[in-house]
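Before I ask anything, here is the structure I am working with.
Note that the chains take the letters A, B, C, D and E in the order they are written out, and that residue 1 is the start of every chain.
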Amino acid sequence: MAIKGLGQIDKEYDGSKLRIGIIHARWNKTVIDALVAGAIKRLKELNVQESNIIVESVPGSFELPFGTQRFIEYQSKIGEPLDAVIPIGVLIKGSTMHFEYICDSVTHAIMNLQPRVNIPVIYGVLTCLTEEQATSRAGLVPGVMHNHGEDWGAAAVEMSTKFK
Amino acid sequence: MAIKGLGQIDKEYDGSKLRIGIIHARWNKTVIDALVAGAIKRLKELNVQESNIIVESVPGSFELPFGTQRFIEYQSKIGEPLDAVIPIGVLIKGSTMHFEYICDSVTHAIMNLQPRVNIPVIYGVLTCLTEEQATSRAGLVPGVMHNHGEDWGAAAVEMSTKFK
Amino acid sequence: MAIKGLGQIDKEYDGSKLRIGIIHARWNKTVIDALVAGAIKRLKELNVQESNIIVESVPGSFELPFGTQRFIEYQSKIGEPLDAVIPIGVLIKGSTMHFEYICDSVTHAIMNLQPRVNIPVIYGVLTCLTEEQATSRAGLVPGVMHNHGEDWGAAAVEMSTKFK
Amino acid sequence: MAIKGLGQIDKEYDGSKLRIGIIHARWNKTVIDALVAGAIKRLKELNVQESNIIVESVPGSFELPFGTQRFIEYQSKIGEPLDAVIPIGVLIKGSTMHFEYICDSVTHAIMNLQPRVNIPVIYGVLTCLTEEQATSRAGLVPGVMHNHGEDWGAAAVEMSTKFK
Amino acid sequence: MAIKGLGQIDKEYDGSKLRIGIIHARWNKTVIDALVAGAIKRLKELNVQESNIIVESVPGSFELPFGTQRFIEYQSKIGEPLDAVIPIGVLIKGSTMHFEYICDSVTHAIMNLQPRVNIPVIYGVLTCLTEEQATSRAGLVPGVMHNHGEDWGAAAVEMSTKFK
């Protein structure tokens, strides 16, 4: 019995009225670019208008949580509030312990950000032990895995619609 | 001396006046479905009315804590407040470190959610190293282990009655 | 030089005016029962009156932090406020990662509960890799170790007297 | 395909109006000094005026988070508020578990400081398993790696400009 | 190149006007006593008056964070507020996972205590894998390492003076 995999979505969601933010780190650019493209592709398939997909960047993944908060605040201030944000980062294990401490603090901070900003913040961070794991999950290795950015786009639409 | 196992409950609890929420992730659907069914079965045995068991879903386990909070707020807003919620997720170790960071942040977030929402939130998350560990704990491997969803149903009724 | 072990207490404490709560999980009942008995024995030796020792239970250790908070609030509400609480749980490593995530979240939550409830919450949780480690620390293996519940009883009296 | 490395910055940032704080621990001084120099060099290249780069120190990395908070508060109090701070520390694995607990608590505290002080706090902490890893990342081993302090200087300018 | 070790202090600090608290656990008393003596020795060298060094104790390290908070509050209440506190504990790895969970929760709690009490709380906790590591760091093994309590005394004076 193969039990893994994401179950069918509970119903079709319509993103035509949603404004979704994507904020990505710039380390490991090839993978990041593919993940951002995957998220945007899925958002559009769910009827999010291109003009309602706002893309921003920060240098590295450690900057994602505070950057996400400020991004949300800024969009509200200019009268274009976001319904959900997808922070995207790609972390790959190196020889120091940098990977472990960044992954851990960023994951907790993204989780804990949600009750404060009061919109869904989708976890778009890959925490990989090898480069191949990262490229596979961005859909860059044909026939291996799908682009995980697509899941994040779908989650953003579902979460911001369901619990509005 | 066999010391493991859950001790006898301190008294019989009656769930006939309770409204219990179940919110589950959709990854690893076979296992999730069995756990949700186990929780519902036990809730009913403890006299929770079927109409007072409200089931909701989110895409993945990372969405459980914020989804749980919003689910609780929504039920209060529509005048049908919940007495306890059981977030249910099934996480299985993969090749990246995704499992570790999701398990860790979700567990802390469910724990820390309770003082804010001020109702018991039962930890219905399986953190397994293999698929077989997950199916066993959902009662899907005959004769091995009982369905852990049943424990969660019982805990929801006890915790929301005892400390009301 | 043997350096391990608890140093002599700084002075004798008198618990005759204190009301102490014990709240225990029910998993691994034999060990739990011994630890609870050890804590009560020591509390009485320090002059805490039997009628001022209030014992409550929750299903499992994950329920301890929120149960402790509600227990404290309830005792205050009925006009019988607690001076300290000892949450007691026994966790034993199993084959999944359940042990690690429960131990970690419960320990942090008990720690962080203290400034909110503003009374000492004594850490009465055993985090064991084997059953034998648990029975030894509950004084159930003659001649090996003392019952750790006694230390927790003493700590509850000292902490609630010293920093009152 | 080489995927690692920091992607091109999204645009040129001008730091001429910014006031940036650097607060460093004093353990492992050679490496610290090089990292501080690297950060300052990059800040100047991005037009931050030398008089607007304020450097402070604390004894060790554990003191960085609270020191950073006080540093920010002090600069505000004297009418010279900071736009971003870079806490810099160098931790190297020793034989006890000191490294692990300091790295973990300092990283989380720097992350969690940001929403409270409401300016970007750049993670300038090296968490190395060997001395060589530390010297390499400070640009002290010719031809191996660049000085990571430069990245932190650039991140401080970008983050404080972009989300002002 | 030897890079390890604490760099020279940035300037001489004068502790003659400071009131410093030391609060220590009582487990592993020989090591604790030496560390407390080392801290006091250094405080005096930096001109802290003996009557301004207040020493308190708690049973074990888990009690340090809440004990520290209450100690600070009590000293304020009696009109003798502290300028910094050094919680001192000695944890040594045993056979269960007690060491890991105590070290982790205590370290985070001491870190997070600082913004709430708004004075420096110096991390005087040894997290050792062997008894020898502990005695060495308390200056009890001649010619091996210096007494780390001295560093903590110096850090208390510097931190409470610099960011007053």
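Before moving on, here are some points about what is shown:
Methods note: contacts are C-beta pairs under 8 Å (C-beta built on N, C-alpha and C of every residue); 3 or more make two chains touch, one makes a residue touch a chain.
It should be emphasised that the depicted structure is a prediction, and the values quoted were computed from it without experimental measurement.
Within the contact network of the assembly, the step distance from subunit B to subunit D comes to 2. Distance between chain centres (mean CA atoms), subunit A to subunit E: 42 Å. Between the Cα centres of subunit C and subunit E there is a gap of 26 Å. The residues of subunit E that reach two or more other chains are 104, 108, listed in rising order. The cyclic arrangement of chains, read from subunit A in the direction of subunit B, is A, B, C, E, D. Subunit A contributes residues 1, 3-10, 93, 103-104, 107-108, 110-112, 114-115, 120-123, 125-129, 133, 137, 151, 154-155, 158-159, 162-163 to its touches with subunit B in the complex.
Residues 26-32, 56-60, 62-63, 65-67, 69-71, 74, 92, 95-98, 100-102, 104-106, 108-109, 116, 131, 134-135 of subunit C are the ones touching subunit B in the complex.
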